[in-house]
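Okay, so chain A shows up in both of these, paired with chain B first and chain C after.
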Partner chain A sequence: MSTAQALDQWSWSDSIAAQTIDAALRAPMAVSTSMLGRTDVGFVPEWVNVFQQRIAELHGLRRDWDGRGSAAVRPDALFFAYSVLGQSMAPATVAPSVIPLGHGGVQMVWSSADADVEVEVVQPNEVIIYHLDKASGTEREWHAATEFSDLSTLLRAVFTR
Partner chain B sequence: MPADPPRDAAGNIEPHNHAEILDAHHVIRHITPDDLCEEADTGITRVSSGAYSESSDVNGGMSVDIEEWVLAANLDALHYIRDPSYGATRLNVGALRKAGFKVGWDPLPHNPHHGAVWGIGNGSKRKRRVAKLATTIRKAMGED
Partner chain C sequence: MPLDRAGLTSRETCTRSHGYPAGCPNIGVHRFDITVNCDPYLRARARLSGMTSRPTDLPDFASPPIGEVSLGVQFNSLEGLLAPHLGLIWADFRASFPLLEQHPPLLPVFETFTNGGTPSLIPQLQILTSVPTPRVFFINSDRTELLQVQRDRFHHNWRKVAEGVEYPRFEKMLGTFEAGLTHLTKVIADIGLGQIVPNQCELTYVNHLTVPAGTKQSDIFAALLKPWLKAPMLSDLGAAEDGRVMLRYIIRDKAKAPIGRLTIGAEPARKLDGTDIVQMTLVARGKPKGDALGDVSEFLKLGRRHIVKSFDEITSPEMHKIWGKK
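So, the complex of A and B:
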């Protein structure tokens, strides 16, 4: 198995054990790439750093933070978004833009010339995934709660370098 | 004064099409730097569809200013955007209604020209429908 294949099948699960945003932000990241026959302690995909930084920014937004009546950003929605990424992203997948929404959830956006993928985390276990294939113009939107294999396949195919 | 908007038993404004907000009118959506997303292959920063989400209030719609009402009060169209880092987009009321959304009056104590767009809900499909109707008046800080 090549390094690229192994990294493509990499999954991130240990840090999901953290129960709060603060704990997740402080949690040490030890990723076992056992398929390569070694353990890379301290290896942190770039998207993890980018996402954690964004969580820290959004975590402090209070009710009506935008003057448009938006709810405070829900910590449980942020944390669930983090876990969705943990189940869906390869190490080299591009970090999403994270947009706070009026209901207190967040939207994660990946966009390129080929496709748009938008994942709305309304609250834990209530996720709506949107995909636009720009070549065909085909749109698809579906609900998900705990299973994100379709999203993972999409992100690894289109937004992984 | 415009006709009062309809309210439920608890006094919350109900989703409605206000008769005095004409199809020819426009509404202005405030855009914050937090509404921006980045294109992966070009690095271009644009307004995400998430910028067009409804508030969490009871019967909460998407918060907007009614441009023609603001102008009729001899105020600048962007009068209610006080943060210099914020931008704004303009949406035609008739186009919103034709797409199935309701546009009504939702006055606030500090903004009698405040309205709401109802029917967007959760998920991206309808947000993107709204986004397609929007034109930029002023870019938010960081927007390309």
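So, the complex of A and C:
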């Protein structure tokens, strides 16, 4: 089994050298999954399936998909968005709506009676986050590159079942 | 073959035509100064030949147990880059890397952070395309060094293909990496594919730690690493059959902001000749400060510092003697 194949399964383990060619690297550590029902670890979160289905739709959008000169959806923006979600979301956090943008990036949106959160991924390491607290009417917008602590706190507090 | 001050062998072969109907008049083995004028990649390598020196405060080993080293950069995907373009790119590297292999592309990886620590365990994201643009290896003639190119990555690897082959050292590899990336950037621009915008840097050391003769399976890590890691004996089951180690550390910049991670993995493995080893892989990956080549190099140097220091700190003094710690 090649390294790249061995590491396809779980993204946490891909911090091992995916680009090396050493034949001695073997399969990653896997987390056992209960065959009896849902457990706290070791299952694929529901948001992952929802997100991946949406990504498959968006990836088919080519240049000028909206008839107004928009760029094709950037795969690197999709991968980066997925990385942000993997870092920020709890397994039971609800999936965002994912909307393509004219510059090739994507916007992820969560909305509830209490808050709206929008995360615009322009390109890898370039993210704009917007939060509206509906109870107080407070708005906040900030830029992020690799650090998503505030987003994670927000999503886990407001959008996790 | 001895290297001159520019890091080139004193005699190189030009294989290009350069527009001459009968081929380049320099075809054949000739002096490197003529070759430098012929080959674009070698010209770039010569321009960047000011090799940095090894930091004196880093631990140094005469015979480090290194099996493979990779210096790499991941950049924003060049969606216009198709398989035929890889052939155009290879033309400029062919004199130094005459062998070619094709492999499936690697998926993008990003280091992101929250104060919550461990991210969710999620499957790798796969985006299916009908014809993925491949990753190509440009390999040197003795198969010890290679360049990897794909739509969103450039890597330079060295690998130990036989006992007695000496690790060329990080500084020389960095020189080759910088020259390669500089020239790739130019070729990409010349073809009209856009700009290389780095988004992650990655440095990997794969070490093959030979298990000392007579060591019990349960004591392997304790023998190779410092005593902090010794698999406990269980009252009913006795010694562990084997085990693995995975550690992650956050790399921070001067302002203490997280910029990357150092990942250390160790697991039992076996070489092709049947020798039992522990394979220790150290990966430093993170975001460069900016888009310039110098920013990529700075991260790789920082990653090298963390890798070498951590390797020294977690391996045992007994093994340091075997590896000739200076």
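Basically, the second predicted complex is superposed on the first by the 119 of 161 C-alpha atoms of A that agree within 3 Å, B and C clash if a C-alpha of one lies under 4 Å from a C-alpha of the other, contacts with A are read in each partner's own complex, and residues count from 1 in each chain.
Quick note on the criterion: a residue touches a chain if its C-beta (ideal position, glycine included) is under 8 Å from a C-beta of that chain, and two chains touch if they have at least 3 such contacts.
Quick caveat, the model's predicted, so the values are computed rather than measured.
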Using the touch definition from the top, say if A:Phe79 reaches chain B (first), chain C (second), both or neither. second
After superposition on the shared chain, which partner residues are touched by A:Gln52: those of chain B (first), chain C (second), both, or neither? second
By the touch definition at the top of the document, which applies to A:Val94: first (chain B), second (chain C), both, or neither? first
Larger contact residue set on chain A - chain B or chain C: C
Where on chain A do chain B and chain C both make contact? none
Show me the residue ranges of chain A that touch chain B in the complex, using the header's touch definition. 58, 61, 66-71, 94, 97, 99-104, 107, 109-113, 118, 120, 122, 128, 130, 139, 141, 159
Chain C-touching residues of chain A, taken from the complex the two chains share: 4, 7-12, 14-26, 29, 31, 41-42, 44-45, 48, 52, 55-56, 59, 72, 74-76, 78-80, 82-84, 86-91, 123-125, 145-149, 151-153, 156
What residues on chain C touch chain A, complex-wise? 67-68, 70, 72, 76-77, 79, 103-104, 106-116, 118-129, 137, 146, 148, 152-153, 155, 157, 159, 197, 199-200, 202, 204, 206, 208, 244, 246, 248, 257-259, 261, 263, 265, 267, 269-272, 277, 279, 281, 283, 285-287
Of chain B, residues touching chain A in the complex: 30, 32, 34-42, 46, 48-51, 53-57, 60, 62-63, 82-83, 122-125, 128
